[in-house]
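In the two complexes below, subunit A is the common chain; its partner is subunit B in one and subunit C in the other.
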Partner chain A sequence: MPLDLDPATLGEEFDRAVYGPVTADELVAFARALGAPSCYTEPGPDLVAHPTFCVSYRGHKFFPDNLPPSLRSRMSFDAGKDVELGAPIRPGDTVTVVSTLHDVYEKTGRSGTMVFVVVRFTLTNQRGERVATVDNRLMYRGER
Partner chain B sequence: MILDLHLHSDRSDDSRAPVEAYLKILQRKRAERPLDGIVLTEHRQFDPARDFRTLEDRYGLLILNAAEVETDYGHVLVYGVNDAILARFDFANVRLPAQELIREVARLGGIALPCHPGRPTVGLCAHYATKPPLEGVVAVEALNGGSRKGEDARTQELIARHGYRAFGGSDSHLVSFVGVCATEFDAEIRSMDDLVRALRGGRYRPMDFRERGGVATAGTIT
Partner chain C sequence: MSVRFEDVVEGDDLPAQELFLARDQVRAYARATDMYFPRFTDDEGARREGLPGMIAPGNMSLGLLAGLVEAWAGPGALCRLGTTFRGLVLPDRTIRLRGTVTEKDEARRTIEVDVWLESDEGERLVLGTATARLD
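For the complex of A and B:
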């Protein structure tokens, strides 16, 4: 495990945030901003959120308190997201975002050593259905 | 027999290419890239349980499983990975000792070959500038589909200086890049054991299918 991270930290919940209820107006506004098709922009009983709406959610804090200090004090940049969709988000839903540290790994490339931190958001609705799993990948430059 | 010896599927953190999508591309582009198979070399990992027999039967292509690891002399492809090699080395470690890896993998039945040697930071050339040459290097990846300008030329100088054998691989992380560089073997290869034996034997050459916009003529280097 790089950076002397305690492996037990992986998968441990470090934040829980609850949002909602979701309104039809915000779903429609989001979809219109994307230029999404009418099935995401017409209010009515069949309205569901555009699939990418789930990435607008985040926890109250982005990193666990026990992330190695060498990373907490440094700049990182967004290295992409993996999104696995579940039940659609509908107007009236309450969405709970549970944050876990999913992975920390190193790699080397043309520009040197990099450290990747993957923070997972697991989104569920008020029925306990999984709405989405969002893996947020952050890249740090390695120690020089 | 022509194999792409270096490519990554969606098991690697920086690729989103499903294995089957690679096979579909090869089937569709057979005239331009006449490959007989691929060798998956996922970054810093090896899953011995991967089973490609269904896909092999469906597409009529050989699919073998290897790994790309990271060492103090840059990136190295490991073919013939077995339990003994996995017990000996932690593939997730990005600071593996290259000299030990090459010697031990050979002793344990596989072969470890440096890839993209001309690449800054993670190629052999950059490390040879400040450290002694490695012993026991059988061959290096002379053609890499991901090389930038000058990288493969640096590799040619390295090969000329040290007398290494040469092979090629696409280093594909994207579906459409599969097979743009590959290796032609004189021997028939049906298994990883065959491949390791052939790589040790030296009767192979890198092939470049990028020339002329990917049309059927293959370039070779010696």
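For the complex of A and C:
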């Protein structure tokens, strides 16, 4: 475990945020900005969210309070996202986002050692259905 | 018209998409996602953050690549998408979205594809893999 991180921290919920009710207007604005097809941009009973609308939810705080101080004080870069999709988001839905620290690991490349912090958002709707699991991969360069 | 599972062959290329990424489109995405920050909206603000100019949010690239897969596989077909952001995606330029089928899972009727977003010069700025379920 790099950075002397307490393993018990992994998987522990550090934030919970509730969004909604989702409006058709916000789904349409999101999809139009991506040039998405009409099933994501035409208001009506069949409207569902674009599959990546779920990544627009970020919770109240992005990092757990017990993230090692050596990381908290440094600037991170968005290194990537992994999204597993479940039930589509529809107008009127309420979406709960639970945040956990999923992984912390080091990699050494040509530019030196990098630390990756993976923050997982688990999204469910008001029926308890899993909407998406979003892993946010943040990269820290250089010395600890 | 979406592709059918039976018609897909490993090694197939997805129909490539080429688009001019306008500044206003990036701003519209930033506004729609409540990320109306200088780095995504104006050059001066972005330069103050050490960037060469305003950039497209990584999540926007993710969304465009999702669109590439669904334009081929059909709306609702996307099950999973993972991306790595390797380079800055700058507006006011032409970008290309491309993909290749890497695997077919007969039992699950799913397709694995490599996807990427490249600059007009062919530099791969965003790499990813996706899973789509086909009829």
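Things to note:
Note that in this section the second predicted complex is superposed on the first by the 142 of 144 C-alpha atoms of A that agree within 3 Å, B and C clash if a C-alpha of one lies under 4 Å from a C-alpha of the other, contacts with A are read in each partner's own complex, and residues count from 1 in each chain.
Convention: a residue touches a chain if its C-beta (ideal position, glycine included) is under 8 Å from a C-beta of that chain, and two chains touch if they have at least 3 such contacts.
Just so you know, these numbers come straight off a predicted model, no measurement behind them.
Touching more residues of subunit A than its counterpart among subunit B and subunit C is C.
By the touch criterion defined above, A:A29 lies against subunit C but remains apart from subunit B after alignment on the C-alpha atoms of chain A. By the touch criterion defined above, A:E84 reaches subunit C but does not reach subunit B.
In the superposed pair of complexes, A:P37 makes contact with subunit C only, with no contact to subunit B.
After overlaying the two complexes on the shared chain, residue contacts for A:H50 are found with subunit C alone; subunit B is out of touch. Residues 26, 29-30, 32-37, 39-40, 48, 50-52, 55-56, 77-85, 88, 137 of subunit A are the ones that touch subunit C when the two sit in their complex. Taken together, the subunit A residues at the contact with subunit B in this complex read 2, 105-113, 116. Against subunit A, the residues of subunit C that register as touching in their complex are 19, 25, 28-29, 31-34, 58-60, 62-64, 66-67, 70-71, 75-76, 78-85, 128. Of all the residues in subunit B, the ones that touch subunit A in their complex are 13, 43-44, 70, 74-75, 92, 94, 119-122.
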